[in-house]
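Next up: some structures, all given as structure tokens.
One chain, chain A, appears in both complexes that follow, with chain B as partner in the first and chain C in the second.
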Partner chain A sequence: MDQFTFTDKSKKIFIALILIGVATIIYGVLDSSVSSHRIWTSALINGWFFFSTAMMGTVFIAINSASQSGWIVVLKRVFEAVSMYVPIGAITLILVFIASSLHWNHIYHWMAEGITDPNSSHYDALIAHKEPYLNLPFWWGRALVILGTWVGFTYIYRRKSLKEDKEGGTKIYTGSMVTSAIFLVFFSYSSVVASWDWFMSIDAHWFSTLYGWYVFSGMWIAGMIMVFLLTHYLMGKGYLKEVNASHIHDLGKFIFGISFLWTYLFFSQFMLIWYANIPEEVTYYIPRLNDYTWSFWGMVIVNFVVPMLFLMSKTTKRNRNVLAVVSVIIFFGHWMDIYFLITPGAMKADGQIGIIEIGMLFGYLGLFLFVVFRELSKAPLVVKNHPLLEESKHHRIN
Partner chain B sequence: MVKEAEVRVPLILGKDVTYHSITEDVCRPIEGKAGKLWWAMFSVAIVLAIWGTGMILYTIGRGIGVWGLNNTVDWAWDITNFVWWVGIGHAGTLISAVLLLFRQKWRMAINRSAEAMTIFAVIMAALFPGIHMGRIWLAYFVFPVPNQFGSLWVNFNSPLLWDVFAISTYFSVSFVFWYIGLIPDFATIRDRAKGPVAKKMYSLLSFGWTGNAMAWVRFEEVSLVLAGLATPLVFSVHSIVSMDFATSVIPGWHTTIFPPYFVAGAVFSGFAMVQTLLLVVRKVLHYEKYITIQHIEMMNRIITVTGSIVGVAYLSELFISWYSGVEYEGYAFLNRATGPYWWSYAIMMSANVISPQLFWFKKLRTSFVFSFFLSIIVNIGMWFERFVIIVTSLHRDYIPSNWSMFHPTFVDIGVYLGTIGIFFVLFLGFTRVFPVLALNELKSILKSSGEAYRDKDSDQH
Partner chain C sequence: MTKEKFIYGMYNDDDLMIAGIKQLQSKGIHVRDAYSPFPIHGLEDVLGMKWTRIAIAAFIFGITGLTLAILTINYMMIMDWPLNIGGKPNFHFYQNLPAFIPIMFEFTVLCAGHGMAITYFFRNMTLPGLPARNPHPRTTDDHFAIEIAECENKKFSKEEIETMIAESGTVAVFEKERIVKFL
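Right, the complex of A and B next:
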């Protein structure tokens, strides 16, 4: 079975999930105890979570074609399918940005009217200092360039990969090494800028040089987990016969390794701020530790202790059923990580995880899976003419 | 084992290379006599080493007042050299551990000399905290040992102490890793040795290696376990070195990006040093078949990638220093770029961020001469990076009446050049008595990636 069929049953499930999301939003709008600000905050959390998961598909394809790695080739189509949510994800983010700019919510405090005006009653000198960078036209310009370029490269990779199926040869393979080098340079800067613009600026007074890499590491792990879970599902349905325990082992190693990278970056940022304990920096962690004590530390434990305990052993990394259970846990751990990037800044101490947040998570998940499954069904599940395909098919590590 | 893809470049050149000829090539420098070039380099190194040792003894005898330190700049070349050497010591373990985990076959030709370099570089680094204590005979105080002076313990809250632990752990694991890899190669030399003394020596060194299948299984398992242990160490060592600075509240030192940025910088400088040494080894020992242009190109790519990561970090820091709105932070960076030490900042930026970008041109990254030249530039640039971080952040602190400049004395310079001398004495000595290429590991890729076998037959080996 080389061609995946998107069954009606799965379609119905995903549409049901989307409807749950829509119903949640309608409920939120009608219920006067739910502020629209809360709905928009949740839209940013879920919008970025699934967008960044998808974007990692593109980035990982780029990393692997730049480094000429062979093992990944039989899984390339899964990465591609995940990445094809990037355009839709970009739209979900742009909707939030439009709403923020029109003051339908107050996620970005620096967008408030008069905040940089010395005569205004709520003038903020520090935000006024940042105005050359944090102003709507420049901010929008950066957002559109970044999202546009990311979407563009995602399409380029997909199109070239489909073309390679038809044409063969090594031209596309060598060409994509150059494309990837260029893309990765752009991405290394733009991902940092994006994290400042979209998340760090929520806590407009605060700053951290590490922030961009921290956000990126979270995105990386969510992407790897999504690809693994899809692979697991496809194998269970009898697809992807070429994928063996060694491929699963390697995906498991990435999930394990990147979890440690994430923890390392979390620790570096947290420890240095905690240790130096100076007012301009601790403002970020104080609400997170005081207002969200249990859930914040719980998030750290899930993202660090769970992979450490359960994925250290080779056996669990090669057993895809065990790996799947652990992956789902870490996946939600990283949803919580995104939640803590945004909520304490946007909602102060009022953030909660209730019907709105969970319902919308289902809605976005349904949309994401619908797009990804549709893309999976559009092309053969394994690429045909990649020069390293044979190496990947015979991938074997002990 | 399946045939390697056509698009892969062979890693061992020459149609006539066999298992036997690899042994011959690797053992030749050990069994034969040194060439003129080797003696020339060794003489220069030994002169520097003797001079440096003299300067170190002079420092110990007179105290660190003989350095150019003053009340404001109370940490300068000593710690700069320390961080520089530790950074250089990163590449070896990265190549042996991380590239092993990523199954990079090209590491086989370079891992041995890179690991040796790591060991020697870490020794050079460890020298500096020792001598900059002033009273080196009290050096045991850095270890948390029970003592006779009441409850006098080291300060566990201090990153300087964490550094002692981090570096000693790193050194031990790197050393074990290096040695385990050497065991089968020592056995090969033992079996060929003619003189009774050499035979006895290599026999002791090879721990009675028999080369049976079980021994190889254990060898591979131990390599993997050590690689797993060493990988986090690659991160931890330089992260903790960065915390020596970042846990303080000195503008220019206290910034959250320091740990990962120091790690990237360390890998960057380490690869540059490996590149320098590899090109020397290739020339002096005639290893053109094994250290190919493909290896050099791969190294150059890693240098470009890590150099660019460092570039992202420099620019992030620069931007955030303005964005933060903190006056001191902003001034620290303005002073770096435009103050009296602007030239060191300019050297750092151009050598570390701009110069590696030249490797985007295939012609340059596949040129031996240019690669050698650029690796030296990067080594210089990375020394200046540490100088910029340390001296420019200190020399103008919160109180302008304290502002001062740093002027190195001949002792500062002598100690620094001396460590380079000692390092090269050790490294050149290594090339005479140790197998410089991991000969048994090289053999494991001969049939899959050697030009002699790869394209010959299509059936599975």
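Right, the complex of A and C next:
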């Protein structure tokens, strides 16, 4: 079974999920107790969560091409399929950005009219000071360049990979190393800039130099988990016969390791701000700790303690059923992480996790899976002519 | 110090050695151990080695380190001499926990790391200054050796074993004494 078929049953499930999402939005628009601001905030959370998950597919392919690693090759198509959501994810993000720029919502406080005007009633000196960087034209320019480049590279990787299936040889493989080197340098800067622009600027008064890596580590783990869960599903259906326990072990190690990277960065940011206790820095943690105490610490515990307890041992990392359960838990943990990047800044103390947030999560999940499954069915599940394919098939670690 | 005599077969390639081990095992000879200049994937499965328990040791060392760190910090910073650092609460351990986490983490890692290394050296008796136990200096360079104990293969005579080893693609077969136990 080399060719994945996108069954009607799963198509119906995903369309049902999308309809749940649409129904939630309609309900939110009609119900006067739900502010449109809440719907847009949720759209940004889910838009970024699934966009970043998909983006990690591209980044991980790039990392592995640049480092010439072989184990990944049998899983490359899964990464590619995940990455093909990037264009659609970019559109969902741009929709939120357009809405923010047109003042349909108030996620970005610095976009408010008159905020940089000294004569205005709600003039903000700090934001006015940041105006050379945080102004709409420059901000939009950065957003479009970043999203455009990321989408472009995603397409390049996918097209090259499909071309390699037909042509073979090592030319595309060696070429992809150069592409990856260029892309990774661009990505490592642009992902940081993106995190400033789209999330740190929600709390426009606040700043943290570590923020970009923090957002990136969250995105990395979400991507690894999504790829693992898809692999798990495909193996359960009898596809991907080439994938053995060692590949699963490697994915498990990544999920475990990046969870710790995330915790490390979270704690490094938190502890310095907690210790120094400078008013301009603690503004970020005060709403998170005072208004969201339990859910905020719960998120940290889920993202740190769950992988530590359940993925420390080698046996659980090689057992894909256990790994799948833990992965789903961490996956929602990281959804909560993105939630806390955005909501306390955008909605102050009014944020909640109710029918709108959950419903829209299902909607975006349906859209994401629909795109990914369609892409999986478009090409053979295992690449045919990659030079390291044999190495990957015989991948074996203890 | 106990010494025992073993029969060794030397190979000049790791694939040849694994093929040789499999060939000997199919004839009913028990191969005790193998020596290689670098780690070979799958060798431990071919030899039927038990999985290492060093992870358990590491966990115990880590827990010990964590407990020691917590007890020491609690004594120094809370009980004995509370210091007012930057106005931080200093009367309860849990209120000051974020500041202690780096120390707790570092001490856990320190104990786990050193404990693991020392346990490994002790278990394998490769502490600095101890005599080497590999059969031939070239097993640390470009050759590979297998070790067979005569007492474990009572079905065959010593000559039979040596012929069988020689037939499995070796470059040399010899008998040598090595230290089995130091104490």
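A few points about this structure:
By definition in this document, the second predicted complex is superposed on the first by the 398 of 398 C-alpha atoms of A that agree within 3 Å, B and C clash if a C-alpha of one lies under 4 Å from a C-alpha of the other, contacts with A are read in each partner's own complex, and residues count from 1 in each chain.
Heads up, the rule we're going with is that a residue touches a chain if its C-beta (ideal position, glycine included) is under 8 Å from a C-beta of that chain, and two chains touch if they have at least 3 such contacts.
Note that the structure is predicted; figures quoted are calculated from it, not measured.
With chain A as the common reference for superposition, the partners chain B and chain C occupy clashing space.
In the superposition on chain A, contact is made by A:G70 with chain B only, not with chain C. In the superposition on chain A, A:I397 contacts both chain B and chain C.
Using the contact criterion defined above for the overlaid structures, shared-chain residue A:Y275 touches chain B and also reaches chain C. In the superposition on chain A, A:P387 contacts chain B only, with no contact to chain C.
Look at A:E242: by the touch rule set out above, it reaches neither chain B nor chain C.
In the overlay built on the shared chain, the residue A:L265 is in contact with chain B alone; chain C does not reach it. In the superposition on chain A, chain A positions 271, 275-276, 397 are in contact with chain B in one complex as well as with chain C in the other. Listing the residues of chain C that touch chain A in their complex gives 41-42, 44, 55, 86-88, 98-99, 101-102.
Residues 2-8, 101-103, 232, 235, 239, 243, 246-249, 254-260, 308-309, 312-313, 315-317, 320, 323-326, 360 of chain B touch chain A in their complex.
Residues of chain A touching chain B in their complex: 68-70, 126, 129-130, 133, 170, 173-174, 181, 185, 188-189, 192, 196, 207-213, 253, 260, 264-265, 268-269, 271-273, 275-276, 278, 280, 387-388, 390-391, 394, 397. Put simply, chain A touches chain C in their complex at residues 267, 270-271, 274-277, 313-314, 396-398.
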